[in-house]
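Going by the order they are written in, the chains are A, B and C; count residues from 1 in each one.
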């Protein structure tokens, strides 16, 4: 990267990040890609620049909820979303500092520490990469793309003529109503659908997936691959669940693609 | 147990026509393809009493002890003062100064407790010998896929050695003079042969290193740096790192000395730490592997083709 | 997959091998061999053989350094003693395994198992691996390298034109800052970022990574692959958090990176799927 001047380290990244990124800009690369992934990323025409990370410790406080009503807890939804966004944004800033085209192998983790009541650390980590051809692969917003694709999946998707645009996510924190005594007694001994629960969980998942799709639309994506739906109670007890929907938004860049014909194998290794 | 050690029950079981085998399906298929026909599941077992610290045990007599251990390294107290048994007015230029306390560990050592290895090898070899005898009884040529374990039974003072494997016959060949044994089976054994090697025997060795801490080690392990200022908070706990290395090196060298021109393949270490008393530890390390002999100059495989598997 | 002809050859090889081993005494002594000890699997040994390298000796290295009392008490900033102890332990272990490797006349160590244990008063680092060398001998190969790459990964990188330089490592230990009572009360009802916590922990993570980078540069490397990051609170002091980072530092060989397009295949193996039941709480069985 031949910059006339070095970009200043954004104020919200720690001081050490600045020194570390400077070292990476001058040619050293670090990556948590396995050797296989490293070689496939090179094959796809990209070179790893460095290990990038972003983190944020967020206090997810209380939100009052009605015991008998199923509803989305919007404040908590916002909190979970903001926390992850902060972590991802800092990771993208580090990638930006390195002049990267994108970040592959992104891992989103949540750590709980005993000393922080209701506080959790949200971490985003991945390997920043840059195209060796010199073409820019940044997304519509001019930022390096992020994706949770492994090195192998990244190579495979590039072969199909699609390019990742960003890791998109949608989240919804939902409170499931407790059932009243009347309702519980009424259905003892029966195999019966519980319409309240069905409705609640259906709605929660739909909300999460819709929000994820909205993010993909902002990036003008053709579609989303590798979608995962995760459900976690974090520290709120069993009637409050966060539904998190994650995937990689991709864009089709060319129709002129020849997919290699795969050979079939049966492995004799157990 | 006597010369023909195996139980009569084992003889009965092995005399029946059907075979049992501990091989997995792919291993079984690979064996048959290689021309190795499984004939029986064979095992050897031995229970040893492990009381070398108890009085009355042959291992606690001092003559046995001194002949069967070797000092690997010694450490002296860096404080430089000697221990004096009584008050003296001329100690080191300061009148009345007695030097360090009586229980100050002015000397420490890492000792290879050879008798532990000897006792362990008795158990291991007994189990191996019995397994081989069962295989002989079944008319086999070798035993593959050996699984061996040594564990405490009932309480710490008793140890069991259990070894089992699948006895096989090499089709179209007469029985060899000695039954060969191997931890490998199936595809892995086929690849070993492809590499130009053949298993001779399973081998194991043990090193039990007794650590008698010198004062510096103890001070470090308790989190201190000493009041005399000679034990630094950032200097290495030399005695312990030496012991860690010695345990593995001695186990490896012990096996190596018995290999002749053969090699040890697929070695694996198992370690154990015991605190016998204050400042008194034992780091033991068991090494197991298959002794293999080079029987042909195998040509190198072509470089592997990198493959991406679509799941 | 083996074809019937290859299996016939294999059967013949086994019969010959058994006859060789238990045949006449002269034949036995005619075979070359040296007491090689190795903990590589047969797959690793075969792949190494295909690039002309052989295992030589099972080697180990250990480093044990102390952490004085009081280091883990709640305070502010980096827990310097622990970070220094970890770095010294790693360096010492790598130095000793390198010495064993040179003593065995080998070029470097692969498949190193890295065993890091952090106790209240000491840090233990034990490295165990197999020293390997090219069959043509280790003439002119410089200082032995130490790497946690498997035999397969080493061969893959070798074929792609890269060579390992050593194990790069970095560690940082930090105290989680305390919140003042006023902060604690005002933050209870809000969903808000805890900035001083974030700074402390983020900074520690960055500095562990930065130290690993310096370590790599010190080994003369261009990059680190397969970095392992392990982080978490200490068992004996929950407010103390440690970050340990290590990976193999590599540099390109004289010919630079060699591109090799992979073949694509479809596996007909099905992983056995167990029935997956997800409860309301998001836990699943199976």
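One rule holds for everything that comes next: a contact is a pair of C-beta atoms (placed from the backbone, for glycine too) under 8 Å apart; a residue touches a chain by one contact, two chains touch by 3 or more.
Values in this document were obtained by computation on a predicted structure and should not be read as measured data.
K.L.:
Quick check for you: compute each chain's CA centroid and the global CA centroid, then name the chain with the smallest gap between them.
P.N.:
Per-chain C-alpha centroids compared to the overall one single out C.
K.L.:
When contacts are scored as defined above, which chain pair ends up with more C-beta pairs, A-C or A-B?
P.N.:
By number of C-beta pairs in contact, A-C is the larger.
K.L.:
Go ahead and note the Å separation of the Cα centroids belonging to subunit B and subunit C.
P.N.:
24
K.L.:
If you average the Cα atoms of subunit A and of subunit C to get two centres, how far apart are those centres in Å?
P.N.:
Chain centroid spacing, subunit A to subunit C, equals 27 Å.
K.L.:
Just how far, in Å, is the C-alpha centre of subunit B from the one of subunit A?
P.N.:
Taking the average C-alpha coordinate of subunit A and of subunit B, the gap between them is 47 Å.
K.L.:
Residues of subunit B that touch two or more other chains: which are they?
P.N.:
306, 308-310
K.L.:
Which subunit A residues sit where two or more other chains touch them?
P.N.:
Counting only residues that touch two or more other chains, subunit A contributes 39-40, 155-156, 262, 265, 268.
K.L.:
Give me the residues of subunit C that touch two or more other chains.
P.N.:
Each of 156, 260, 262-267 in subunit C touches at least two other chains.
K.L.:
Across the complex, what residues on subunit C touch subunit A?
P.N.:
Against subunit A, subunit C makes touches at 1, 149, 153, 156-157, 160, 176, 187-194, 197-199, 201-203, 205-207, 209-210, 212-214, 216-217, 221-229, 231-233, 238-239, 241, 247, 257, 259-269, 278, 280-282.
K.L.:
For the complex, give me every residue of subunit C touching subunit B.
P.N.:
Where subunit C meets subunit B, its residues are 2, 7, 10-11, 13-22, 31-43, 45-47, 49-52, 58, 60-71, 81, 84-85, 88, 92-93, 96, 100, 120-122, 124, 126, 128, 152, 155-156, 159, 260, 262-267.
K.L.:
Which residues of subunit A touch subunit B in their complex?
P.N.:
Result: residues 39-40, 152, 155-156, 262, 265, 268-270 of subunit A touch subunit B.
K.L.:
Considering only the defined contacts, which subunit B positions touch subunit A in the complex?
P.N.:
So the residues of subunit B in touch with subunit A come to 24-27, 29-30, 187, 306, 308-310.
K.L.:
Going by the contact rule at the top, pick out the subunit A residues touching subunit C in the complex.
P.N.:
It is residues 13-17, 19-20, 23-24, 27-36, 38-40, 42-43, 48, 51, 53, 55-62, 75-76, 78-79, 82-83, 86, 90, 111, 113-116, 119, 121, 125, 155-156, 176, 230-233, 238-239, 241, 260-268 of subunit A that touch subunit C.
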